[in-house]
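Remarks on the structure that follows.
Chains: A, B, C and D, in written order; residue numbering restarts at 1 for each.
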């Protein structure tokens, strides 16, 4: 069975892992995305995840279903966290299982790459120096250019720009 | 720190997972190899893993160390089980963590592929029909041809062949 | 006859506009592109929205040529950053 | 002068020979290949060992040309199947 959730409560890896697996399966793969203490050389103290939840849940389920087709098994579970996260907190967990390992690696990777391309979720980095900014994201399929940017590598923070804040 | 073990006791995924991770890391990957209920279309009821343990431990550590170099982090933990395993039991667990996901996927995959190429471990399949056979393996680096085989796909079971047993 | 849609703004767009939702009435047979033009024509801060933003109509990504109907939920999707 | 080594057999090789270890004495400056020849010359079931098996000397994979010393642990490694 395919599982997809967007949740404000902490992600428990064991729970996501328990949603996959079968006597037919020889390979299980669990990916955990964690909040790390640095980004582009800057010290980070936490992250806020915002989501368009009414759309994020069906998109996540759609991604999991596409992965399942590649996997050749319906054992795919994915959970994405929203809200305020601290360093080391799990932002996303992806579990897959299948008879053979090559498909498991491919499907797991597919889920995380597609999440980054099209899941309507955004994150705001809180830096140790007290500043914060929305993380520069990826324009989803069919989307136009992102708003006013200084450079492709710059953080999108049009609110700060509008206030005349630090770039 | 790099962890490598060959153990007769059951592998606990949480324990292996807890051996990796760091505030710097944004990606954690856990691979579990499980005993599945079929092999080459034949129903399997269990598996016996034999190991040259005095060599398997250093070879496993060497593989983990090579993966660590690719990963750019020392967060690699791998455990391989030996003895009698039932369907669904974990035969191998590989945990890695690193700042970025691409390296985590690459390093995890490297460990399992190298295990299959050169870890001195063998497995004997116990079929539901009561027969059993050593699983056809991979000739390790520097090794010559395997003994008498009917075909490249055949199971290595020279003992049974010597007894005039079922091929 | 006018078409009334509910627009939603997230993350950087919400911060830019200072609002997370806005009801918009459009004349004729409006497309997503017409809605974007309508908003951008309102001046600052709306004119800082991109000319071709990613948009979802009723929770599915849509082309700028997609026709809108009354009651549609049209979300402006800034570049996404999940994972 | 003779060189005494300890040979080890695993999995299918152990089943074939009915033993997991054997002490072998070799003359001169023997290599891995000399040890394999010595064993295979013993007739059945030893002659069912491959002519060029994978071998580890003191727990490291070795070429067939590697020289052996007294006290070496020489393991015959059937095709491996871990994971």
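By definition in this document, a contact is a pair of C-beta atoms (placed from the backbone, for glycine too) under 8 Å apart; a residue touches a chain by one contact, two chains touch by 3 or more.
The structure displayed is predicted, hence computed values, not measured ones.
Per-chain Cα centroids separate chain A from chain B by 30 Å.
The geometric centre of chain B is 53 Å away from that of chain C, both derived from CA atoms.
Separating the CA-averaged centres of chain B and chain D is a span of 24 Å.
Counting partner chains per residue, chain D shows two or more touched chains at no residue at all. For chain B, the set of residues that touch two or more other chains comprises 33, 112. Because contacts link the chains only in sequence, without closing, their graph is best described as a line.
Contact between chains, as defined at the top, is found for A-B, A-C, B-D. Listed in rising order, the residues of chain B touching chain A in the complex are 13-14, 17, 21, 23-38, 87-88, 97, 99, 101, 104-105, 108-109, 112.
For chain D in complex with chain B, the residues that touch the partner chain are 8, 10-13, 15-16, 44-45, 48-56, 59-64, 75, 77-83. Contacts from chain A toward chain C in the complex involve residues 33, 49-52, 54-56, 58, 80, 91-92, 112, 115-124, 134-148, 156-159, 162.
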